[in-house]
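Look for chain A in each of the two complexes below; its partner is chain B in the first and chain C in the second.
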Partner chain A sequence: MSSTDRFIPDRLQSPLQQRLKSWETLLLAVAIGIFIANSLASPYFLNAWNLSDATFNFTEKAMIAFAMALLIVAGEIDLSVASIIALASTAMGAAAQVDASTLTLVLVGLSVGLACGAFNAVLVCGMGLPSIVVTIGTMSLFRGISYIILGDQAYRGYPTSFAYFGQGYVFWVISFEFVLFAILAVIYGVILHKTNFGRAVYAIGNNATGALFSGIRVNRVKSILFLLTGLMSGVAAVCLTSRLGSTRPSIGLGMELEVVTMVVLGGVNILGGSGTIPGVVIAAFVMGLVTFGLGLLNVPGIVMSIFIGALLIGVIALPRLWQKWRG
Partner chain B sequence: MKQLLSSRELILSAAIVVMLGLIATRFPGFVAPGNLADVFNDTSPLIILAIGQMIVILTKCIDLSVAANLALTGMVCAMINVAAPGVPVAVIVFVAIALGALLGAFNGILVWKLDIPPIVVTLGTMTIYRGIIFLISDGKWVNSHEMSDAFKAFPRAEALGLPMLSWLAILMVVIFFVLMTRTTLGRAFYAVGGNPHAAVYTGINVGKSQFWAFVFSGALAGLTGYLWVSRYAVAYVDIALGFELDVVAACVIGGIAISGGIGSVGGAVLGALFLGVIKNALPVINVSPFWQMAISGSAIIIAIAVNTRAGRTKGRIILKKAEHAS
Partner chain C sequence: MSVMKKILSSVAVAATMMASTAQAEDMRIALVVKALGIGFFEAAAKGAEEAAAELGDVEIIYTGPTDTTAEGQIEVINSLIAQGVDAIAISANDPDALVPALKKAMQRGITVISWDSGVAPEGRQMHLNPSSNALIGNMIIKLAADHLPDGGQVAVLSASATATNQNIWIDEMNKVMGDYPGIEVVTTVYGDDLADKSYREAQGLMQSYPDLDAIIAPTSVGIVAAAQAVADAGKVGQINVTGLGLPSEMAGAIDSGASKSFAIWNPIDLGYSAAMIAHALATEAATAEPGAAIPMGRMGSVTLDDTNSGAMADPFVYDSSNIEQFKSIF
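Here is the complex of A and B:
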């Protein structure tokens, strides 16, 4: 680092000043900017039902992103989340073929997600293997199992009441998924920012050995985070399957990229140690607004992915370029 | 260390031979020389890509954009061929390597100059490169009948009983074996991955070495892009989708440590052949091709478990309880 890092300010910045300069504020400004640009670009944008539809673009991904944010803050990563969705959805589809009730289906989805998370946890925390390769492996394995079970077939025939999770509305235009997203945002915000567990997650991300010697059970915390990520993938699988009404082995393909992008865009350091849940929430809105706005302008999905990719690199590159340019 | 490496390659070779032996007991035709040559030829793209990926992983990075790079370069080559059928294959091969290297250099610059974690950079460029294919091709396919005969014939042209595709893979193995073991740049890759701080004190520019690793990986992906498109005689947005996972799998199976510094060209080649034999054997032993994804996933997990456990050094126990908790 350069010598400029070492100077000690003679006056601390006021909390307000600090907040104004934070990543979350910048992101919020971007979100508002995109919102205004969208409403100018398309006459169909400012419509309560359209906006409500737009939330489906990000609610499922954001549910996983909350757990992923904690995992990345702790210095690990899980690239298998989209494959967990595929496996959980396949299991639910198989259960639906034998006329399982809606409650059973949800339990099946959640427990498969939890089991997949436990499998990752055993490999990473139990055996001490690097999470990035392990989850690249389980990414093939979990989706591979879906392919073995389904091949080129698809599961359909979910019970009618199962459709509520992905298609139901709690009140007027407020969908069930959006309510779930909001509740989970609050829960994860409290876990990360207000509990000892959250402090432990930051401590592990900054210095795992130091955390261990401060009495934090590093592997237990990390295992819980992998379990949570698996569970949230299960929750997302329930919502996505319910919304689509069918299961193919390619369900949610490439979603891990969008989840990681959302987390990194939200200001979480990919190397661990810092990041906030409010940041991830705003990032979810930014990505949702961008994809929805481009969709209204008839931009095809694959071109949108260019924007997502550029966004991922851009948000990390720009502050660094700015720093380089100034110092 | 050298002994350990050679023994790891020995184990892998033995595993491949045992696997071939088991298949041969039921299906002797599979191990006929002609069929083995076909298996090698079919695995050649994976071998070429695995060599590039190995260099990147050696320097503590990872390149997830190789398959997208391959697809984009392949599409550009196909479109050049359609637009100007007269352009000789040599020029197209050169364009493929240069374009691939350029795409790799873009990854490398972001890693070197801006210090962005390689996994983030290549996850991003992976989608960007795929998206660009759609933009330049409008989502259309370039089909066999639109390509010139010379364009399609090159990877199939036989010399000394082996197709050009196989010869190119062998040529790359030789070139990169020499590069990695006999040049300062090759040794620098190992130094950067083994101990970046020590590498800096020996006068090696860590970021620059990583940049060159990405350029090599990109150039090899570009070369494979042309070979892939001409061999299968079709180019579209989704070719080689997800192939980067097979490439990483080949490296991990080949004993290349994901933490950098350990690995060899031989390991990468054997890792690729291991996957290649499995892939080609599945239809022969009557297993649905849908099993392949789960099998390569399991192979990655088993390989990483074996490699990491073998290479682990135990720390000193100062606090018995703390050690117990970890």
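Here is the complex of A and C:
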């Protein structure tokens, strides 16, 4: 670049880019560190099948986390994702009772997810309500409907071929869910980092009013993001329901916080404006490796959540401390 | 990059510190519970440890998710499969959702049984119920009759009229009434498992039947409410409240004398029996099949029915001699 060219920054804030870069490096180092620690601590860790089993701990959550990352970058949040899973799964279960085909079941799951996302979008973008309030409401609403339909009952009797999405393997130990996770990671990476739409998402997260006056259709972009998050919850519902082989209204209970944790751990600013998909991908691996590694050592789940919490705070606090020490 | 080194080393240290002191030659039995931090299951784990101490070469892995979800239990099961444990004894959060994961465990040669809260038959080798309907039906009338050597009037305070469990237990009780001559069941009333309604129904019983000797409440809500009603009416010593209840909630009634004794399953015995059965099946000392009798150490043996499930024992009786020990457990 010659000095006469006008310099157009690739990121809106250059120091931010520096920080993000170091964030992902840091996270990757943590992931590798955990991997090594796990291999040393447990003789069962380095086994292809066991590692394959471990990926199920995060694939479904990560699928939602990709869409959630975009939503959080744009300054919004969706806490109803786990409840969308419950409602989508209940709808699929009801369809399975009338002998719907596997294809129909998948379409039902995805449409319900999309419809729930649309409902959130109307309330947030159409009526201008704060997304955190709206989605706390729909979190109770969507799961509440599942509870009304199912009560203490369960839907069973999914067709055998439906089991492929959550229990099938594409090649050797590579599960269908893992392949889907990888494909979605690439798609969302491209959307956020390589398209105009992605640029708009960053612009909205940094300054929604500014973005609006720059000609970005803010509400439309946000609506699409809510739809995508709903759709991804539908995808996760298909995978999870297929993996469990049954539906109860408590399916995926509490998953929304794990998804948000994954996104924040991945370096997405909870206040919006910054974050990357590669960061979220690494965070998914970190969380999966930590829970599986600690599980192999039979560390009680309570200690495990303390560990995840400490990890989250640590990874977020460290770059700031680092900057202070250096600056 | 010193920070990074620090993280790496601290993660490694933390992980190594958490490494269990498992000995490979021991048989490893995993006791998987609905969620950690519940007194009932902590007590079951104590029982399993007792079985392990008795058996000698057994290590108990007591584990479970933090909240009562099927997904959490599947993660736990996956990590147990990865470790190649010898047996999994599980109290399930969901009878169906765990089936694929437990099937996989069985395919990898792991003995799988369920206890307390069962798994669908295709997902386990056998299921251990804490008790059976017939044993419970007999126990609730026996508790009342034991304190009425000369016979007397008893009334039943149940949950709702449509409560499946309670109705079955009362039916079973009626079948064995012939064994308790002189005991007359005067009526059955329904408190709908609501504390205030149960309390009023108990008051009504005392007014309608002035000679009433005992109230049997086969529900943990009803028994507490009835004991309170008896105490409030000043009829302690005159009317004995018994049935099924939780030691933590009934300690006051036992102390005041409103209830002389009551019953519920004993979680320690349950954990002990589950571990004993898992060991017997994993060592192939016994096979889980309909009609088989599987040894459970000091608890005798369990006989399996057509669905490969069996009942452990009579409900355990709690009275002033043991309430102190159990009231802090569950």
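The rule is short, and it goes like this: the second predicted complex is superposed on the first by the 293 of 327 C-alpha atoms of A that agree within 3 Å, B and C clash if a C-alpha of one lies under 4 Å from a C-alpha of the other, contacts with A are read in each partner's own complex, and residues count from 1 in each chain.
By our rule, a contact is a pair of C-beta atoms (placed from the backbone, for glycine too) under 8 Å apart; a residue touches a chain by one contact, two chains touch by 3 or more.
Model, not experiment: these values are computed from the prediction.
Enquirer: Superpose on chain A as described above, then tell me if chain B and chain C fit or clash.
Expert: clash
Enquirer: Is A:167 contacted by the first partner chain B, the second partner chain C, both or neither?
Expert: In the superposition, A:167 touches chain C alone.
Enquirer: Looking at the overlay, what does A:243 touch: chain B (first), chain C (second), both, or neither?
Expert: Once the two structures are laid over each other on A, A:243 reaches chain C alone.
Enquirer: Contacts for A:103 in the overlay, against chain B (first) and chain C (second): which applies, first, second, both or neither?
Expert: neither
Enquirer: Taking the superposition as given, does A:134 touch the first partner, chain B, the second, chain C, both, or neither?
Expert: In the superposed model, A:134 contacts chain B only, not chain C.
Enquirer: With the two complexes superposed on chain A, say which partner A:36 touches: chain B (first), chain C (second), both, or neither.
Expert: Only chain C; A:36 stays clear of chain B.
Enquirer: Between chain B (first) and chain C (second), which does A:183 come into contact with in this model arrangement: first, second, both, or neither?
Expert: A:183 contacts neither chain B nor chain C.
Enquirer: Using the superposition on chain A described above, determine whether A:300 touches chain B (first), chain C (second), both, or neither.
Expert: Both chain B and chain C are touched by A:300.
Enquirer: Would you check which partner chain A:53 touches, where first means chain B only, second means chain C only, and both and neither mean what they say?
Expert: Second partner only, chain C.
Enquirer: Using the superposition described at the top, list the residues of chain A that contact chain B and also contact chain C.
Expert: Touching chain B and chain C on chain A: residues 254, 300, 302-303, 305, 321.
Enquirer: Residue numbers of chain B touching chain A in their complex, please.
Expert: 62, 110, 114-117, 119-121, 123-128, 130-132, 134-135, 139, 237, 245, 248-249, 252, 258-259, 288, 290-298, 300-301, 304-305, 308-309, 312, 319, 322, 325-326
Enquirer: Within the complex, which stretch of chain C touches chain A?
Expert: Of all residues in chain C, those touching chain A are 3-4, 7-8, 11-12, 14-16, 18-20, 35-37, 61, 63-67, 69-72, 74-76, 78-79, 81-84, 94-97, 99-100.
Enquirer: In the complex of these two chains, what residues of chain A are touching chain B?
Expert: Interface residues on chain A, with respect to chain B: 77, 123, 127-130, 132-134, 136-145, 147-148, 151, 212-213, 217-220, 254, 257, 260-261, 264, 270-271, 300, 302-303, 305-306, 308-310, 312-313, 316-317, 320-321, 324.
Enquirer: Please name which positions on chain A make contact with chain C in the complex.
Expert: These residues of chain A touch chain C: 26, 29-30, 33-34, 36-38, 40-42, 44-45, 47, 49-50, 53-54, 56-57, 154, 156, 163, 167, 240, 243-246, 248, 250-255, 291-305, 307, 314, 318, 321-322.
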